[in-house]
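For reference, the structure I am asking about is given below.
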Amino acid sequence: MSNLRELYLEMVTDHAKNPRNRGKVDPCSHIGTGHNPLCGDKLVVTVLTNKDVIEDVKFDGEGCAISTASADLMAEVLVGKTIKETKILFDTFHGLLTEDSNTDSVPRKLAVFSGVREFPMRVKCATLAWHTIISALDGNEGATTE
Amino acid sequence: MSNLRELYLEMVTDHAKNPRNRGKVDPCSHIGTGHNPLCGDKLVVTVLTNKDVIEDVKFDGEGCAISTASADLMAEVLVGKTIKETKILFDTFHGLLTEDSNTDSVPRKLAVFSGVREFPMRVKCATLAWHTIISALDGNEGATTE
Amino acid sequence: MTDTATVDNFPALHQKIGDKKLVYLDSAATTQKPQSVIDAVTNYYELDNANIHRGVHTLSQRATKAYEQARKDIADLLGASRAEEVIFVRGATEAINLVAQAWARPRLCKGDEILITEMEHHSNIVPWQLVCEQTGASLKVAKIKDDGSLDIDSFKEMLSQDTVLVSVAHVSNAIGTVNPVEELCALAKSVGATTVVDGAQATGHMHVDFSKIDCDFYAVSGHKMFGPTGIGCLIGKYTLLQEMEPWQGGGDMILTVSFEETVWNEVPFKFEAGTPNIAGAVGLSAAAQFIRKIGYKTIHAQEQELLAYGRSVLEAIEGVTIIGTAKNNAGVIAFTIEGVHPHDAGTILDHAGVAIRTGNHCAEPLMKRFGLHATCRASFSMYNTTQDIDALGTAIQEAITMLR
Amino acid sequence: MTDTATVDNFPALHQKIGDKKLVYLDSAATTQKPQSVIDAVTNYYELDNANIHRGVHTLSQRATKAYEQARKDIADLLGASRAEEVIFVRGATEAINLVAQAWARPRLCKGDEILITEMEHHSNIVPWQLVCEQTGASLKVAKIKDDGSLDIDSFKEMLSQDTVLVSVAHVSNAIGTVNPVEELCALAKSVGATTVVDGAQATGHMHVDFSKIDCDFYAVSGHKMFGPTGIGCLIGKYTLLQEMEPWQGGGDMILTVSFEETVWNEVPFKFEAGTPNIAGAVGLSAAAQFIRKIGYKTIHAQEQELLAYGRSVLEAIEGVTIIGTAKNNAGVIAFTIEGVHPHDAGTILDHAGVAIRTGNHCAEPLMKRFGLHATCRASFSMYNTTQDIDALGTAIQEAITMLR
């Protein structure tokens, strides 16, 4: 039970139940759709950038607790970041989820997902929003985690 | 070894090595080609009938000892038989090869194949010529034992 | 109810997931295997292993005999009128693709229609979409009702003189609806359509009689009826099979080959190119024997009892909605939990040792019909008990506590 | 030479046929299975059995991991540049049919040519005949020399700007010739042809490096490389696989399905419709590990020694003619015995416990090339010994005594 509690930390379930960044950025500069065939979930991420800096991010769509909370917290941490920083952050985050890597360099709001490491099947949920935004920033429309 | 000797009785190997009825009946009234994919063997059987009575039978083609001897001995026993008798004889012969049936009603020349019963894979060899002639008498050209 | 002697037959069920007893409620995905099936496969490899057909040595003869016996066993169990009507394939998916490519593709053209239903598994949708693309035929879809049963009126409406082929699930994998396939096939015949029944979810659970259903083709999945993976059958009417051209080319499916001309072998060999899954067929034969020993009647009664009990337990949990409440239903319960996404439910239940499936169950159009992306699905087999269902109920409560 | 520890790995070899020790010389038809492969299959069914992909519960995760690990193991063993280049199919026959139907059929048209050789197995002839019939393309056949080796001049002559596809055996099953596939693929590429290598007889016997051969597709038969029946692979260049449309439709090979539009899944899943032979893949993974442990070098050296000894023993028997005497030959000896039809030889040898194959070995055109209907074939694997060959020689003498 203990690692299950670490997967569903209170901060995660809270953001899953009451996401702060659900909706659409309008007007937006980038839009991406992510799909996780495992959950059947679809996520639409809208972004507004100014030059290379992310000014606003929102997400929409149904998702599991992990993917919803991850999308919501991603939106929080990315505001003010450059596209390059976003990509580096995703690498760090991915490392947190998949390797026994040091979490020091990970923002506290993302570190709550370290429990995912014990649930390899859920890595795709935690990264769906990230794959989607990066795909959108790269100019592609769709992303999938399968 | 003992049942192997019963398969290859001297009469069988003798007819296999020196078949008396190899060749073609010419002119013939019926012709049939038999094929046993197991051996890769092909057999051509030619028949001359007068009304319903078989006047002559010959066979041609490469075959294993069992199929050659069986074709040769078939040719011997069928001369003078009617088509109907031929079919009945085939049923009897088939019973000899596959069931523990009484061999009393089987002509001596066919009874030498009773050893085949212990080698189910060889039943097709022993019956190839028979399938072919019956198919020919029925007006079909080809027969196969697979 | 299930006696423990029955459960004892299934070695995989006797294990713990973490510190919890495994409760396997995912039999619609694949059934567990009785020891007799596992042993049949092992014995085959340890004693008889050889390639089949055209081999004169003892092992090859034994392997051939066992393989052809499996064909007879399946024909007997499922009511084929002769063993040659049974073609061994990888599973139900390949069986349906075989019909699509070897029967439908050469025969269909623009204007022709294929009729399926809203509750089909992707394996009974996509092969027909491919054929439609290849031939210009179009796909029609009969509607289902809110309780998950087929809307027969819609089915009748969609049938027309243009309907060349009808393919319906015997049992829905996603919600468990049992379709009146005899009636549907008779209706299809009345407009001259050829009929396919996707029996993947039927043959492990209830008596199936191919000849009585009177469909033209019936698809069977071995791994869903206690058999090994990688084996299944297409059962087809002998005369139809004879008329069809082969699908795959290779060893065993030909009589003679030359570069100028090749002559096909007889049915069923014409459709079994290459070395088949011999050990798989031998295992499936043991599965057929196992089913015979227990009896479809016992299996079915058992699963119906679990279904009734399961529905009552789940209905009693606040926020749980059952999808698919048809009268004639197999031991499958699809459900959603308010405030708990199916994927989270799957993880939390797994932690309690309870294995269910979550997602779209390869039936996306059906999900859409119910306005859902995903559901949880508990599916039963003869080795399940009411205690398993109690464990399911408890685990769902835990998930609710954790996430709602 | 073979140490008994190696032979001990193979349970099926420790049995008697009647009162004679089994001497298994039919490995080109199918190899025997080491205990580790049989155990891997058993363990899978007893512990991990579940359907793969998209399942969140523990068994499904374990099964998925084992299945995908098998893909990696095969990629590693056979030199694919990434695991996704390995597509699981039933066997080499299905692998070739997949290329024929999913690559060639949509691309070929009248005037195009497919080039094969005179020594191909039916599985590398008939799929192309079917495609030729479907597309109007024509089949060309490169000649072989009297010793059974490929006539490279004939191969070059047959190659032209019209050659769209070249498909050749890596090793002939009927006579054991090893083809210079690297050279042949380079020649084929020089005219822009896509290349297929039928590796059914190679991967159990010698080091194969897909990337180095640089063919586009390579067909693998699991049951001929110590793996289970019903599993094999098509290895294909990733970019080519991406460009191809799927072949079979069903579960797992799609990303999303609606009645209006269906989106294919990624490579390799796009080509694996339906539940695959999971236990088969797990067993094949164990076979790959077994091969690694022994080492291709050891296996190959061993088989070459048996080949040399076998040829010398058979040549010494009066009336025995060996068919296929190429320098570069695998452990396969095809032969005829004067006055003894192969089928009779097969029966008599079986009686002595010696299992050989007789017939046309699914290579009728090759038989015709040598003016034969059938041959006897002894084929070796790493578990054979020189005693086995002595037993073969003795049994042949017995057959001669009996029939000549």
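In this document, chain identifiers A, B, C and D correspond to the written order of the chains, with residue numbering beginning at 1 in each.
The rule is simple: contacts are C-beta pairs under 8 Å (C-beta built on N, C-alpha and C of every residue); 3 or more make two chains touch, one makes a residue touch a chain.
The structure displayed is predicted, hence computed values, not measured ones.
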item: Centroid comparison with subunit D (C-alpha atoms), farthest chain; value: A
item: More contacts between chains, B-C or A-C; value: A-C
item: Approximate Å spacing (C-alpha centroids) for the pair subunit B, subunit D; value: 38
item: Intercentroid distance (Cα basis), subunit D paired with subunit A, Å; value: 46
item: Residue list for subunit B, restricted to those that touch at least two other chains; value: 37-38, 121
item: Of all residues in subunit C, the ones touching two or more other chains; value: 54, 56, 256, 343, 347, 358-359, 364
item: Sites on subunit C touched by subunit B in the complex; value: 54, 56, 61, 255-256, 265-266, 269
item: Contacting residues of subunit C [partner subunit D, same complex]; value: 11-12, 15, 17, 22, 24, 26, 29-30, 32-33, 37-38, 41-42, 45-51, 54-60, 90-94, 96-97, 100, 121-123, 125-130, 139, 141, 221, 223, 228-231, 246, 248-254, 256-259, 262, 273-280, 343, 346-347, 349-350, 354-359, 362, 364-365, 368
item: Subunit C partner contacts - residues on subunit A that touch it in the complex; value: 1, 4, 7-8, 13, 16-17, 37-42, 62-66, 68, 119, 121-122, 125
item: Of subunit A, residues touching subunit D in the complex; value: 35, 37-38, 120-121, 144, 146
item: Sites on subunit C touched by subunit A in the complex; value: 339, 341-344, 347-348, 351, 358-360, 364, 367, 372-374, 402-403
